[in-house]
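Read through the structures below before going on.
In the two complexes that follow, chain A is the common piece, with chain B as its partner first and chain C second.
Entry: the complex of A and B
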């Protein structure tokens, strides 16, 4: 039954995504934005003349692009509000988690696809070459790792509709800042690294870098496993969040507000 | 017999929009009972608290105080049980996935209500036929007219075959023909034994389809009446409206027995309000005799009936 809910919701998500983007608007708007971001940081490596730094920033920003897309499902409850369907979902007897999880499945594929497109576009420019076959599966692990937190932000946005976007940006930029995207995590104090290990992207990116430099090692598998575990943990928190935040929204009468 | 829906001393306040202001009281000490199998109307003007009450009963909103039950389940203590036995239909355009077809919308909600897979297809076909959407079932909802969307809303509300159905102003914005069709659909549901709680600001609608009507204004319940009483009010406070009435003729009419007041509307129409039944005919005859040819009767507004029947207590400010 849960699967059926998710599958039906996936259809809604797919149609919605299709109506939002055309191939062209996706490529020239969204993808170019991510390419620019990636190039900007890779250029720093070029500036200081370090090939290692170029590759570090390239891989980091490609992976962060996946997380950006997947966490973006957070403010998604706003769309349910604008359709007027959120109160009806609350009044239905099932949890909202399978609905939102299903609705956004497409964004996982989209996120990984974008990461790969950006890589293919930027790598030749900055002179990065090599065997990157590990990239797709590692990016998928990062997408899954980010999914749980994205769903939690979605749950949060039921309680505080106006804060959905703010929280999304805050979480994303925190993750980018301390997650080892442009600078190694080790430059931060220990406690910051500790906080980081509860965020998505962090372990997945470490695993990806390990895969690319040393191949299929136990350490790499361990990190990717941790990434999935972080995803699963946030998924559980999101489940509780949907119950708790809908209860709160019922109390203060915010369920059917449009904003 | 257990009531299908009960509310006891139900109250709901909303936080004021600005700090320092008093909270908004949307419902105040509302106690009512809806009996199984009846169409119970909740009649009230804008802002009376109708939607607020439906939201509380359908577990979208919690009450500030008081209790409410649906088929014996408390809406606060056991919202899950309430959700399994109710259907909910809002009036208006919102609440449908406009990028999907009617069939796909219904499949979605069938999954959410746990309708078994093997029953889903046939149930959806039957519902689509019932609301007259079979031919357009696979077109996207964004291409539907307002009336078609409202019928799809009803089908959506019925997908779980609920025992109790809440309809919040389901005919608002529909043209007279579409409203009539919709009301006929609602009446067929009563024949199947469903309990229906319907809100409206249209007295004619309440009179036409409800078994009992609760009158609400500014959050307070004024009375619960049968449709005959409503019908009596509608005729008792019927108005005559006439165009092309000279000032002399208007003065003559205002002196007739049973005339409570006359009033010129901005477009020059003369509106004559009556105080008792049985005077409409003599008034119209007098107007015809005075050479007026464009004239007719209009039902009174809800506000007017409230004012007449309940006095200040029902006065909308």
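Entry: the complex of A and C
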């Protein structure tokens, strides 16, 4: 039953995303923005006079684009509350998680797909080299790693819908700032690097860079494994968050009330 | 003028109390750390002004584009678009008033970025020409409000236009030289970038902080104002056309 709920929710999520875009608005709107965002940060290499930084930031921002899309499930879920469908979901006997997890699963596919499109569009301009066949599986690991934190933001945003977008942006930019996207993490103090280890993208991106330079190595597999572990940990916390919200809401009748 | 001021006052209160309007400004410290980490890794303290101005500009432009779209979305949900369409004055006036208030609040991103630089990397930004900086910020902020109106008009046309609203951010920031000055980008983009007010504005803001003398001050201020005025004319006209269209087709609340 749980799988059927998640599958139906996934179908709704896919259709919902399709209805938001035409191919023109997707390509000349959203993809154009992601390409410009990647170039904006890659261009930092021009300013500091380093071709290596251009390539480093290009890979980092392609991967960060996946996290941007997947963490977006947080504020998207908060909209559920404003649309008035939440009391019906709370009244249903099953957990909220398969509904929201299924509904948002297309973000993973979209994030990875868009990451690859951005890479294909931008890489020829930069002239990068490496084992790029490893890009799709590594981006999928980053998407899965980010999914848990995205769901955790969703569990928070559904309690505080007015904060959804703000928390999403704060978490995303903190991850990008300290996560080794544009520059090696070694520039930061040890304790900042430690904090970063608990965020998604960080290990996945390290694994991706290792795969691109040295191919399939134990170090790369280890980092991608850590990325999935971080995702699983946040997923567990999100699970508890959704359970607390639905139980609390049923008990005190505040589900449909503004925070 | 009274509709402009009414919109301005209302948004000033809403902007202070509504978390979603703080979104762009609250990301300023993280983005400042991002840019500073790059110049620190490459041992380029001479680029501190670039690293401090960039996150502030990203926040301010983000605030103007986001607020424009949010105003229309909220008006649509609150069934107020119909009332705006029925009034004899342009919808652009209260929208510009509200966006001006948000941009005024978003100017706080500049001291916030400077404070972040000092607290995290111990970097101090001394301003060589404070009056030039003030003038450059005033005209650039006004041009941001004016130009963002173009993207706001698209949000009236269709709720799916949020995609285009999103797309307004980084292409403008890249060609507007928010971090990397336009002159350092490939030559073929220069003519396009110089048609964007931000490329003149960011160069002037950086020069006001670091340059010994600011050359062609009046010309550069004038270009920001001129391109901002062009954005205002285009945005106002587009918004009028779009409001007329959705009113005539009866799609004003369902577009």
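The working rule: the second predicted complex is superposed on the first by the 238 of 259 C-alpha atoms of A that agree within 3 Å, B and C clash if a C-alpha of one lies under 4 Å from a C-alpha of the other, contacts with A are read in each partner's own complex, and residues count from 1 in each chain.
The rule we apply is simple: contacts are C-beta pairs under 8 Å (C-beta built on N, C-alpha and C of every residue); 3 or more make two chains touch, one makes a residue touch a chain.
Just so you know, these numbers come straight off a predicted model, no measurement behind them.
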Putting chain B and chain C onto chain A via the overlay, clash or fit? fit
Output check: A:169 vs chain B and chain C. Expected answer is one of first, second, both, neither. What do you get? second
Identify the partner contact of A:50: answer first if only chain B is touched, second if only chain C is, both if each is, neither if none is. second
Looking at A:5, would you say it contacts chain B, chain C, both, or neither? Reply first, second, both or neither. first
If you stack the two complexes on chain A, which partner ends up touching A:88: first (chain B), second (chain C), both, or neither? first
Going by the contact rule set out at the top, does A:233 touch chain B (first), chain C (second), both, or neither? neither
Let me test your reading of the model: by the given contact rule, A:105 touches which partner, first (chain B), second (chain C), both or neither? neither
More chain A residues in contact [chain B versus chain C]: C
Can you work out, in whole Å, how close the C-alpha atoms of chain B and chain C get once everything is superposed? 12
Need the overlap of the two footprints on chain A, from chain B and from chain C, as residue ranges. 19
Given the complex, residues on chain A that touch chain B span 1, 4-5, 7-9, 11-12, 15-16, 19, 83-85, 87-94, 99, 250-253, 255-256
Going by the contact rule at the top, pick out the chain A residues touching chain C in the complex. 19-22, 25-26, 28-30, 32-34, 36-37, 39-40, 43-44, 46-50, 53, 162-166, 169-170, 173-174, 176-178, 181-184, 187-188
Contacts from chain C onto chain A in the complex sit at residues 18-20, 22-24, 26-27, 30-31, 33-35, 37-42, 44, 47, 50, 160-164, 166-171, 173-174, 178-181, 184-185
Touching residues on chain B, where the partner in the complex is chain A: 14-15, 55, 58-62, 80, 83-84, 86, 88, 90, 92-100, 104, 107-109, 111-114, 117, 156
